[in-house]
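Chains here go by letter, A, B, C and D, matching the order in which they are written, and residues are numbered from 1 within each.
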Amino acid sequence: MIAVLKRGTTAEQTDHLIRWLKTMNLDVHVSSGQEVTVLGLVGDTSRVDMELLTSLEIVDSVKRVSEPFKQANRKFHPNDSIIEAGNVKIGGGFFAMIAGPCSVESSEQIIGIANEVKEGGADVLRGGAFKPRTSPYAFQGLKEQGLKLLLEAKKVSGLPIITEIMNVRSLALFEEVDIIQVGARNMQNFDLLQELGKTKKPILLKRGLANTLQELLMSAEYIMSEGNENIILCERGIRTYETYTRNTLDLSAVPVLHELTHLPVVVDPSHATGRAQLVPSMALAAAACGADGIMVEVHNNPSCALCDGAQSITPAQFTQLAHAVKRVREAIQ
Amino acid sequence: MIAVLKRGTTAEQTDHLIRWLKTMNLDVHVSSGQEVTVLGLVGDTSRVDMELLTSLEIVDSVKRVSEPFKQANRKFHPNDSIIEAGNVKIGGGFFAMIAGPCSVESSEQIIGIANEVKEGGADVLRGGAFKPRTSPYAFQGLKEQGLKLLLEAKKVSGLPIITEIMNVRSLALFEEVDIIQVGARNMQNFDLLQELGKTKKPILLKRGLANTLQELLMSAEYIMSEGNENIILCERGIRTYETYTRNTLDLSAVPVLHELTHLPVVVDPSHATGRAQLVPSMALAAAACGADGIMVEVHNNPSCALCDGAQSITPAQFTQLAHAVKRVREAIQ
Amino acid sequence: MIAVLKRGTTAEQTDHLIRWLKTMNLDVHVSSGQEVTVLGLVGDTSRVDMELLTSLEIVDSVKRVSEPFKQANRKFHPNDSIIEAGNVKIGGGFFAMIAGPCSVESSEQIIGIANEVKEGGADVLRGGAFKPRTSPYAFQGLKEQGLKLLLEAKKVSGLPIITEIMNVRSLALFEEVDIIQVGARNMQNFDLLQELGKTKKPILLKRGLANTLQELLMSAEYIMSEGNENIILCERGIRTYETYTRNTLDLSAVPVLHELTHLPVVVDPSHATGRAQLVPSMALAAAACGADGIMVEVHNNPSCALCDGAQSITPAQFTQLAHAVKRVREAIQ
Amino acid sequence: MIAVLKRGTTAEQTDHLIRWLKTMNLDVHVSSGQEVTVLGLVGDTSRVDMELLTSLEIVDSVKRVSEPFKQANRKFHPNDSIIEAGNVKIGGGFFAMIAGPCSVESSEQIIGIANEVKEGGADVLRGGAFKPRTSPYAFQGLKEQGLKLLLEAKKVSGLPIITEIMNVRSLALFEEVDIIQVGARNMQNFDLLQELGKTKKPILLKRGLANTLQELLMSAEYIMSEGNENIILCERGIRTYETYTRNTLDLSAVPVLHELTHLPVVVDPSHATGRAQLVPSMALAAAACGADGIMVEVHNNPSCALCDGAQSITPAQFTQLAHAVKRVREAIQ
C-alpha cells in the first residue's frame, strides 16, 4: 500500500503518521521526492482502513498495490477454479446453461419446465422459492413449499438445482439444494456471507445493484475466508440512468473478473435486461466474451399468451439459444 | 394503477390480460382512446408485480397512481410523526443533533466524547460497535464490548444512544439502545427489517448506496407493516461518478421525503462527504432545507494530530456547528 | 401522448389544461376513470414540451405513445438502412471492421498502419486529427496536417477513412473524408448536428457519456431532419461508478437500437474499456449480439514496447480478432 | 505527477518508460521501494496524457500531485475572484439573486417579470432566447427576437441580463448581454469555450450532466487560458438513477469548488429539481453552504393557473425566498 502525502506536510506530521502506521504492525518505507513524499506500507495492509487514511488532512491519496482480496485472487491461484454441483462442473472450460422459471408456482409447472429445459440443453434448474421483493405486500414466493417442489423437480429430472437464500435462519432448509444463490440485495449482507462460508455448498454470488467488481470480490472473500471456496460469481446488470432496460448489463465484468480471480463467472441476461426479446442476444454476447455459464428465465405456461414478451423466454426459444451458445463457444476457441 | 397498452394490441389479447388481472381481485376499467387503450386497475394494487406487468409484450407502460407505501404515506397520516428516544423527540418541529465517534474504542474515549458533545449541544450520542466493512480482514468494531461501553457512556452522560445492528441474531443485545440504526448496505435486508418491525424501538433507516427514495420508503414500510411505526429516515449520500467526495449527498431528499411521508428525516454529512472540512457547510445546508436532525462524527483524541482533516470534526468544531445550525433553523422559520 | 392527471384535479383545472393543449393544435381525448383522468393527445406531439407538461401541479405523469423520433424510427422504415462509405457498406447484413491509431502522428505511421490493418481485415481506416481533450494544455492532434496525412493513407491503402469533427467551421476540410465522426462530448451540440444534416456525408454519431438511447436517437433525428439520412450509431461506453474500466460498455444498446431504429450500430470497445486486453473479448461480444461493425484502436510502433497494454492492440492481434469476429458472425447466422 | 509501476516491471521496461517521459521535457525521479517503484514526474505535466499513461501495461496507476488546472486554481490565486456584470458583483462576499422566465416569450412578459423580480430582490435578469432542446421538433426559443426583447427589459428595468449562447457563430449578437451562459450540454464544447475565452464577457459555465468537478474546472481553464478570467461556475444537478427529481443537485460542489478555485459558484435549483415546490428549500440550502448566488426561474402569467407547480415559482414566492435567503446568509456569517 502506498500513501502519497500532500505538499507542505511537515516532518513532524509525517513522523506522527508513521508512528501511527507502525502501531498497526506495518513497516513503513519513506521516499521523499522533489514533488511529494510517498510512504510504502509493507505487511498485512488488508487491515488498514483506506477510507480513514485517505481522509487524513496530510494525505493526498492512498493506493493499494496488492489487491485486498487474497483467496479469490488469481495471483495466488493461477488456475481456474472448477465448481462442482451435482454432476455438473462450472469454470475452467466447463460451461453451464442454468434455466428455469422466475418463481416456483406448482409441482406441475416446475416439473414441466425442468423436463423441457433439460431436453433443451440445460445443465442446472433454477427456480425462486424465497423471493426478495421491494414491497412487503408483494408475493414473496412459496418459500418452504417452493423448495420442496423444486427438490421434487430435481429428483424427477435429474438436474441439480439453484435457488436463492434470504437469511441465515433458513439455511437448514437448503441441505439438498446444489447451488445456493445470494441475491444482489444481499451481496453485502456480511453476516449471511460468513454463515455460508461455514458450509461447503457451492454459492452463486450476484453482483449488487451498484457495486464495483472489487466489492464483489471482497464479498466472495468473506465467504472464502470462512473456508468455503465453492463460489460462482454472477453479473446481472447494474443500475444506471438508462431506462430502456431494467439494468445495464456490464459484460466487461466477464474478462475483468477472469483477469482478477480464478472463480467462474456466470451471466444473467434475464434480470439484467428485463425483456425477453433481449435475452438471446445478450446471452450470446456473454458466451462470446468468455462467460462460464448463462442463467436465464424460462416459462412454459401454454395458456399464458401474455407471458411471451415478458422477461422469460419459452422452452422452444431456450433450445434454440442453447444451440447458438454452443456455436459461439466453438467460434471463440 | 394504470396500464397503457401498445398500439396494435388485439381485442383478444386485451381480454386475456383483463381476465388475468381480475384473478388478482382487481377491478379493471377500460378506456379505449384513439391513440391507445388504458386500463385502470382498482383494488389492492400493492400486490401487483409492476416489473412483470411492464415486461408483457402488449403493455407499453405501467404507472402507479397511488404510491405503493401506505403506512409511511403522508396522504393517510398528514401530521408529522414525532419519534421519541429517551427524553429526546425528533420530527414535527423537534430537531436532534446526533454526535459521536465513528467507532467505540475505549471507555475513556466514548465517555469523554459523550460529555463533550453533550456540552456542545448534542441530543443523542452515536458510536459504532458492530461495523460493516467491505473487507473480512478489516476491524469490525468492538462488538458486544463496544455496546457495553456505549451503554456506560449513556449512563454517565444521560444522552440517549444510537448504534448500528447488522443481523437479526444480535437483536437481544440492543435492549437498552435508544435508537437502532440500519446501515445503507442493509436497507434491503428485508428479513432484518421485518424483525425490527416486531420491536417497538425507534429505528434510524439509512438510504442504500444506490436506492431511490421510493425504495427507501418501501423499506420503511417493511418495518411499519410489522407494527413498528417509530422510524427515522436518513439521507447519507448516494453513489455517483463524482470522486472528489465519497458519495454525493442528495439534499433534495429532505423536501421530497417531507412531501411523501410523515416520518422525520435526518442527514449524515460525515459519511456522505468523507471529509471533515465539508461537514459544517453540508450540515448547515441540511438544516436550511428542513432536515429534522443531523448526525455527525466527532472525535476527541487530543494526541491524534492526524485526525484533524479526517471525516470527523473536533468537539470544538461541533459546538460551533451546533450554534450555527440553530441560527439557520431560526432563519427559516 | 398521454397525460395522467392527479387525483383531486378539479374540472376547472382540467378545462384550463385542455384549452392550453388545444392552442398547440392538438386534439384532446378525455377518459375519466374511477381512479384518474387520462388525456390522450393526438396530433403533432413532437412539439410538446414533456418536461414542462410533467412539471405542472395537476399532472401526475406524461407518457409518449409514439416515439419522439420519426425519421430514425423503424416503425416508419422497417428495413435496415445500409450506409455506403467509399466502396464499403455498413448495416443490413454488411459488417465493417474499422481500425487505426488513436491519433495520426506521421505519414510513416498512418500509412504503415493503414496497410497493416487492411491486410489484417479492416474495411475502414480510423485516425484522429482533431482531438477533443479535457485539458486545454493537452495535445489536441495534428489538426489540418493530420487530416492531410490521413487522406494520403486513404490514397495509398485504398481504405475509406473516418475521423472526428469538432466544430462547424472546419467542415470544409472534411470534403474527402468518407465518414465524419461526432464524438461523445458533441452528441448534443445541436448546432453541429444541424450543419452535418445539410451535407450528404455518412456520419458516425457516438453516444454521449451519460445519454440515454432515446437521446442518441433524438440527436440522429437532428441530423436527419435536415436531410442527411446517412447515419451510423456508435456505442462507446457510458459513465458509471465502476472504476476498473474507463467506461461501462452497454452492449444491450445493440439489440435495443436494432429494435427502435433502422440505422446501423457500431461498437467501440477501445474507448469503452480503456484497456487493450479487454478489447478482443468485448469486440467478440459486440459481434455476437448483432453489431454492424466494430471500431478498434490499433498501433504499430515496433519500438514502443510500452504501448502493449495500452488501449490499442497490435496489427497482429487485430488480424486474429478479425478472424474470430468472422467466426462469431457465422455462428449467429 | 506520480506514476506507480506494477510489481514485476523489469529494469528495461522502466528505462523505456523513463526515456519516453523525458522526451516530453519532464524530469523523472525514481524511488524504488520494496513494494513498488514510484516515478515522480517534474515539469509541465499538464501536457501528459494521463489516460494513455495509465493504460500502459507496466503502470499500476497515475496520480496528479498538482491539479491540472492552473488559472482557475486557488493555490495560485488565494483570494476570491469577484466578477462584475453591469453594476452587480458576484463572489468574494457579493451574492447575486438571478431570476427570470425559462423562455422569453413577449415584450410584455419579459418586461413584466423584470420589474417584478427587481422589486422582489433580483440582481440579474435571466431569460432564454436560444434554447437547447433534445428534439429538433421542439420550440427552440425566439432566438434573435428573444435577445432583442431581453435587451429591452434590461433597459427598462436597469437589471443586467444573462442568457445562453449555443454556438460560436451567434457571438456577435451577445454584445450587450452582461453574462453569457454556457449550458450543461456545451460544457465540453471546447471550440465554443475557446472563442468565449477571447472575449472579456463574464461567462456563467454550467456543470455538464455527468461531469466531475475537475472536468468543470478544466472547462473553465479552457476559457481562462485564452485570456478571459470572468467566469462564474454553476451547479445545476447531475444525472443519477433517482427519478423523483429531474436531476440530483450536488450541493457539496459548493464547498468543494470554493476549496479548489477562486471563482464564484452559483446554484440553479430550478433545473436541478424540475419542481417548483422544491426550489425554495434547495435555494436556502445553497445559501447555507456558501453559494455566491442563486439562479431561479420565475413566471408571472396571472392567467396561467396551470403554471403553479411547474418548475417556475411566482414573483410573490420569489420575493419571499429572497428575504429568507438573506436571513440564512446572515445566520452563517
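The working rule: a residue touches a chain if its C-beta (ideal position, glycine included) is under 8 Å from a C-beta of that chain, and two chains touch if they have at least 3 such contacts.
Owing to the predicted nature of the structure, the values given are computational and were not obtained by experimental measurement.
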Identity of the chain that, by mean CA position, is farthest from subunit D: A
A-B against B-C, pair bridged by the larger set of C-beta contacts: A-B
Rounded Å distance, subunit A centre to subunit C centre (Cα mean): 31
Between subunit A and subunit B, centroid-to-centroid distance (C-alpha), Å: 26
Where subunit B and subunit C are represented by their mean Cα positions, the distance between them in whole Å: 39
Where subunit C touches two or more other chains, by residue: 210, 239-241
In the complex, subunit D residues that touch subunit B: 210, 212-214, 238, 240-245, 248-252, 254-256, 259, 272-273, 277-278, 281-282, 284-290, 324, 327-328, 330-332
Residues of subunit B touching subunit C in the complex: 1-2, 4, 7, 27, 29, 31, 33-36, 38, 40-42, 60-61, 63, 65, 210, 239-241
Partner subunit A, residues of subunit B touching it in the complex: 13, 16-17, 20, 44, 46-47, 49, 51-52, 54-58, 68, 102, 132-139, 166-169, 185-186, 188-192, 194, 209-211, 215, 218, 221-222, 225, 239, 246, 274-276, 304-311
